[in-house]
C-alpha cells in the first residue's frame, strides 16, 4: 500500500490530495477527533442535512489556504506553514463547536484557541490515557517536530499575530480569510440554504499582497461584497436561527450549572462523549440531554425585537448584558413563578455574536487599483450597510419549558423591569 | 405560532412541506431518534462528508413517495398511506444502519424490519422509561391511531406484501422504488461521488401503473438503465469500499463476541449510545471503539479477488460462507498464530451484500409501450449485464491488527486450505 | 401522437409542462422567433456560454409566474392570465435583446413593448408575407381569441398598469417580479458567474398579497436583500461588462447612422437577419458586422471613472448625456483627428442603464410582519446602500479603432472640454 | 492592458487561463468563427437551452487535454502539442456541426477533418476576402509558425495517426478521450439532461500510460463504465432524439438537392450564413429554412423499430442503406403519391450514427492493475452490453409534410417492399 499520497473526496472542493506533513497530520488523534465534532452544533434540528463536522472543514480550509498560496505565488515554506496552520486552526474546538464557547469562557475563562495552543505545544493530550495504546499515529506536536515546523509560528498565525508577514496571518484571520470562505460554502451545501454559495475561484483570482498585507484587486470588489452579504445572511438564517439558538442555550445552561468545572475537561470531549457525560450527571442535565435527543425544546415566552426597542428597554438590555445580573434575573423569575432551576433562560445575544465572530465588524478591506490603494468603503456603500445590519433580530428573548410559557409570558414585563 | 404546517429545507429535494399526520409523525420519538443514526455507518472514514442520517432519508423517501403518488394520480388515501409507510420504513434501523444488520440477524435472528413492525404495532417503546417524561410527542402507534391509519397495511407495504395494490408496495420495494432513488441521490451528494446522481424528475415522469403493478413507460428505459448503473457503481465505490467495510467488520466483531445479547437491545440504541455502551464492556470492545474513534483500523492481510478465483478457492469460499465454519477458521488462525481473540476477521461478502440489498438482482422491470408490455431485458442488454457485474471485487479478505499483518499474510494460504 | 400536453426540459427549472393555451402559444410564430434572439446580446464574446435565448427565458418566466400563482393561491383565471402575460412579455424584443433598444428609442421613438403591444393586438405580423405559407401555427392574437383571453388586460399586465389587481402586474413588474428572478438565475447559469444564483423556492415561499399589493413576509427580508445584491453584481460584472458594452455600442452605431429607419423593421428581425441585413448595407455596417464576427473590437481610448469624477467633469457628463450634443462631440473628434465616420463612440452609460432596468431604483418593497406592514428599508440598511452603489464604474468612455487609440487618448481631454 | 494572459469563465470547467500560443489561437479567425456554429445543430428545438457552440467546446477540450497532460506528467512539449490539437480539432466544422456532415461526405466526398487539415496547413482561408481587412489576428497557420508548432503533427494527432506516441493521439481519439468527456458533460449541462454528467476529476485521476498507450487504472473501471453509459444514453435521448433528427434530415435534404456544390463552400459558413444562403436559393430551400425557423417540421409517417424488425424488413434495410437506392425509393414515393420533390425523406440512421461517432464501438479499454494488464471486458460485462445496445430505436423512418402524412402512412408498406 503506497503511503506517499492520498486523495480524499470532498463534496465542496472535489479531490484533495495529501502528502508528507499533511498526510501525517490527517491521522493525528487531534484531527481524527474532529470527526465527532459537528460544525454547526445543533443546526441539524432545523436543517436536517447539517451533520458535517470540523474534520472536513479543517481539510477544506487547508485546501483553500494552499490554493490561495499558489495564486499569491507564496514560496514553498510560506505555503506549507499557512496550510498547516489552516489544517490545525480548529483542533481545540469543544463539543458542538461554538455552542459552549461562550459559557466556558465566562465560567472558566478559556476558549478553543487556548486548547489549540496547548495541543500544538504538546502541553496537553487530547486523548484519555486508556485510549493511547490503540492510537496508531503520533500526535500533532510530534509530527510538527518531525517536519521541523515552528509551533510558535503556527500559533501566531492562528491567533492573527504574526508580525513578519501579516498577509500569512490574514489568510486565516481577516474579513477575507479562507477559513470563513470554506465554512460559508460548506454550511450552505449541507443546510441547503444557498446564501453562502460563493464563487471561490473568482475570489482566489482577486487576492493580492500589498505592502505585506492581504488585499483585493479592484475587479474583486463585487466578490467581496458578495462574501460579506453571504456571511450576514447565513448568520441571520442559520447560525442565529431561533430554534437552533434555543437548543444551544439549553445545552449551555446544563453545563453552566455544573459547579467546579475542570478546565479543558469539557473542551476535550466529542459531541457524543459530552452528551453521555451529562446524562450521568444531575437530573437537570439528564432532562436537557433527553429533550435535545427528542427535540422537546424550550419555547419562546417573551421577546424584545430590534424594531420595538425603546429607551426603557435599551437600559434593560444594557443591564442584562452583564452575565451576573442576567443570572440573577433568571433566578428571580424562577423564584417568583415557582419554576425549577434551569428552566428559565434569558438570552441577550448581541455580545455573544460579536465574540463568536469578530470578523463581522471588519469589512474594511484594502482594494488595490492599478495605481492606487483605497478601501472597500471607497468603492461601495454596501459594506458599511452590512456592518450596520442587525443580526439576529431579537435583543432579548426568554425561553422556558412549554408548560411555563403562558405564565412567563404574562409576567415577563413586570419581572424584567422591576 | 402556527402549527398547521411546517417547511423543512432538504439539500436534495428543496423545501418539504409537512401537514397533519406527517407533521405529527416527524416529532414522534421513533423518528427523532433517526437524527442519531448515520445513513452510511462508517463511510465518513473514507468520505468525510458522509455524516447524513436516517432522519433526512426518511423525510426524503416520504417526499418522493408523495411526488410519485401525484404523478401516478393515486387517490388521497393511497397517497397518504404510501407516504406514511415511506416515512416510517426505517424507524427500526439499528445504530450505524446496515453495519450490524448481518451479525444481529445471524446471532439473534432479528432484523430492522422486525423492530419497525414492533414499533408500528406499539408493542415496543423506542425510548428508555427514564426518558419518557421529556418526550413532548406521542409515539408512532398513537399518532397512527389518531389519524385512523391501519398499522397492518403500513407493515404490509414496508414488507412488500400488499396483495390488493401491489403498485403501492412496489413504490417502496422494487427495483425502481423511491427508497432507493432517495438514498442513491442523497449518498452521492454527501459523499461527493457523482455516480448516484439520477434525474429524479425524469424518473417520476416515466412511472405508470399497469395491471395493478408499477411499471415504466418505454421512454423511461434510459432512466432505468441509469438507475441500475448508478446503484451498482455506488455499491462498488462507496457501500463496499474496502476501508469502510473493514471498519464495519470491526464493529460487528465487537458485538458478535458479546454473549447473551438481548433481542432489540442493540437495535434500539443510537450510534453514540452503542459506542458508549461498548466502551464500558470488555477490553476488546473498548479497543475496537477506540480504534474506530481514531481510525486505527485493521489492515488487509490476504485477499482472493474475483479475477484470481480458481476451482480450489471456489470450494473454500463455499465453505466459508457458512458463518460457523468461518468463525472456526478465524479461531484456528488466532490459535496457530498466537493472536488474541477478535483480531482475525475473515470476510466473505457476497451473501451479506445480497441480504442487505436484495433489489440488486431484481432488474426485470415491466416496460409499457403504446400497445404492448415487455420487460427491460427486451429493450436493452445492459440490465442483465449489470446483474452479472461483480460487487465487490474481493471474494475473501482477511483483516487483522497491523502488527500481525505480515505473519497472517505469510501463513494465510496454508491455514485457509488445510 | 398525443397533443394534449408536452413537457419541456429546462436546465434551470427542470421539467416545464405545457397544456391548452400555453401549448398553443409555444408554437406561435412570435414565440418561435425568440429562439433566434440571444438573451444577452453580445455577452458571449466575454462569457462563451451565454448563447441562451429569449425563448427559454419566456418559458421560464411563464413557469415562475405559474408557481408564484400557486403559492399565492390565485384563482384559476388569475393564474392563467399572469402566466400568459409572462410568456408573452418579451415577444416584441428586437435582435440582440436590449442592445439596440436605446438607439431605436432615441431615433425612431419606439421600444420593444410597443411592438409587443402591436403583436398582441394583432396589428402587426412578426413574419414576412413569404414565410406565412410554412408557418403551421396561428399567431398570438388568434390564439388569445380562441381561449377568450383579453388582450388589453395582457398588455396592462406587461406595462405594469393594471388598476384592479396591482399584485398581478407586480408579479411581472416590480423589484421582486418573476421576470427578473428568471433572468438572474438563468444568466448566472449560462455565464458561469455565480452571483445571480438565487434560492427561487425560498423566494416563492415568502410572497404574500397585502392590501391588493405584492409583498414579502418578514422572514423573506434576507431573500430580498439577496436578490437586490445579485442584481447589482450581475449588472456590474456581466450586463455592463466593458467588453460586452463595447460590442453593443459598435452595433448601435452601425444602426444609428442608417438614415430613414422604418419603424419596427429592425425590431422584427432575428439576430442573424439583422447581421445579414447590415452586411449588405453600407461599408461601415459591413465593417462593424465583420469586426463583431471576428471579435476585432474597438478599444477604450479614454475613461472617466466614478472615483475620479470632479466638478468639471460632472458638468461635462451632464452635457454629454444629451444625445445630440454627444453626437456632435463625436463628430468633432472625427473631424479634428481625421477619423472616418462612426469610428469614435462616446459612451455615457448612466441614463441608458436606468432606462433599460428601471427596477434598479425600486428597492422599497413592502414587508408584512405578523401585525404590521413596513418597508424593506425599515429592516435593513442594505437595500438603500445597493441603490446608491455605482454601476458601471465608468461615467464616460471613448472607444475607437485600435489604430486611432493613441491619438484619441492623447487629445481626448482637450477635445472633450473645449 | 496586459495581454500576457487572460482568464475565461466556462460554466463547465470554471476559470480557464490562456497564455502565449493559446492566447493567440483563441483570437484566430478560424476559432472565432466557432462562436457561430452550434454544438448540437438543431437540438435546441427540443432542448431550448442547447445553444452552446463549438467555441466553448474547443476551449473546454483544450482545458481538459491540458489537465490530462498534467495528471499524466507529460513533458512541456507534449502538453503543448496535445492541448493545441485539442483547441484546433473542430475548426473545420461546418454549420450546425454534424448535421450536414453525412450529406456532404456522400455528395462531395469531404468531411470536417479535411477542412481542418486545409486550415491548419494554411491551404485555405476560413474568411471571405472582403472580411480580411477587419480581422485583427493572424490565422492559425501563421500562429503555429510563430510558435514553431509542427502542423503535420497536429493533424496526425487529430486524425488519430501518430505513430511515435499513441497516447497523445488517444487523448483526443479513443473511447476515453477528452473531446468526448467535454462534450458529454457540456451537452448535459445545456440540455438539462443529466445523463452526461461525469465525474471529470475522478476520470483524470485514473488515467495512466502503459507501454506508450493510454490506459486506465483498475480503480477507474467504474468511471469508464459510467462514461460509456453516459454516452449511450446521451445518444438515445439527445443526439438521436427523433424531433432533432427530423430537423437535421430536412436541412440535409435542402442541401442535397443543390446541384454542383462547390467543395468547402458550405463547410466554411456559419449557421446563420448557411440559413441566409439557402433562403436566397430555390423555393424548396426557402421552404425548409422557414419551416425550421418556425418549427413547422415534417412528421413521421412510417417507422420500423428494432423491436418489430423481421427477416423481410432486414433485407429492405440493407438495400436502403445504399444512399442511391434510398433516393430512388424517395422519388418513387413522390411520384406515386404526387408529392413535390424533397418532401419525402427516408431515414436509415444506423450507418450515419456509426460514421458520426466511430468511438461507439470502441469500448475495449486497457485496464492496468498492480501487476497485470487486461481489458475492460475482463472486469465487467457492462461494456460489451453497451456496445450491443440499440441507438436509436428506429431502423427506418419516413417523414413528410404533415398534409401528406396519412397517405404516406397508408401506402408506405406497399411502396417500400415493391
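Order as written gives the chain letters A, B, C and D; numbering starts at 1 within each chain.
Here is the rule we go by: a contact is a pair of C-beta atoms (placed from the backbone, for glycine too) under 8 Å apart; a residue touches a chain by one contact, two chains touch by 3 or more.
Keep in mind that what you see is a predicted model, and the values were worked out from it rather than measured.
*Asks:* Could you tell me the least number of steps, going only between chains that touch, from chain B to chain C?
*Replies:* When the steps are counted carefully, the minimum from chain B to chain C is 1.
*Asks:* Could you tell me which chains are in contact with chain B and with chain D alike?
*Replies:* Shared contacts of chain B and chain D: A, C.
*Asks:* So using the touch definition from the top, which pair is joined by more C-beta contacts, A-D or A-B?
*Replies:* Pair with more contacting C-beta pairs, A-D versus A-B: A-B.
*Asks:* Taking CA centroids for every chain, report which one is farthest away from chain C.
*Replies:* B
*Asks:* Find the geometric centre of each of chain A and chain B from their Cα atoms only, then give the gap between the two centres in Å, rounded to an integer.
*Replies:* About 34 Å separates the centre of chain A from that of chain B.
*Asks:* With chain centres defined as C-alpha means, what is the inter-centre distance between chain A and chain C in Å?
*Replies:* Distance between chain centres: 42 Å.
*Asks:* Report the inter-chain centroid distance for chain A and chain D in whole angstrom, where each centroid is the mean of the CA atoms.
*Replies:* Computed from C-alpha means, the inter-chain centre distance equals 51 Å.
*Asks:* Counting only residues that touch at least two other chains, what does the list for chain C look like?
*Replies:* Correct list: 9, 14, 193, 202.
*Asks:* Across the complex, what residues on chain D touch chain B?
*Replies:* Per the stated touch rule, the residues are 193-195, 197-199, 202, 222, 225-226, 229, 232-233, 236-237, 307, 374, 378-382, 384-386, 388-390.
*Asks:* In their shared complex, at which residues does chain A touch chain B?
*Replies:* Its residues touching chain B are 8-12, 14, 27, 29, 32-33, 35-36, 38, 44-45, 47-49, 51-53, 55-56, 59, 127, 130-131, 133-137, 189-193, 270-273, 275-276, 286-287, 290-291, 293-296, 402.
*Asks:* Can you list the chain A residues touching chain D in their complex?
*Replies:* Residues 7, 14-15, 201-202, 205 of chain A touch chain D in their complex.
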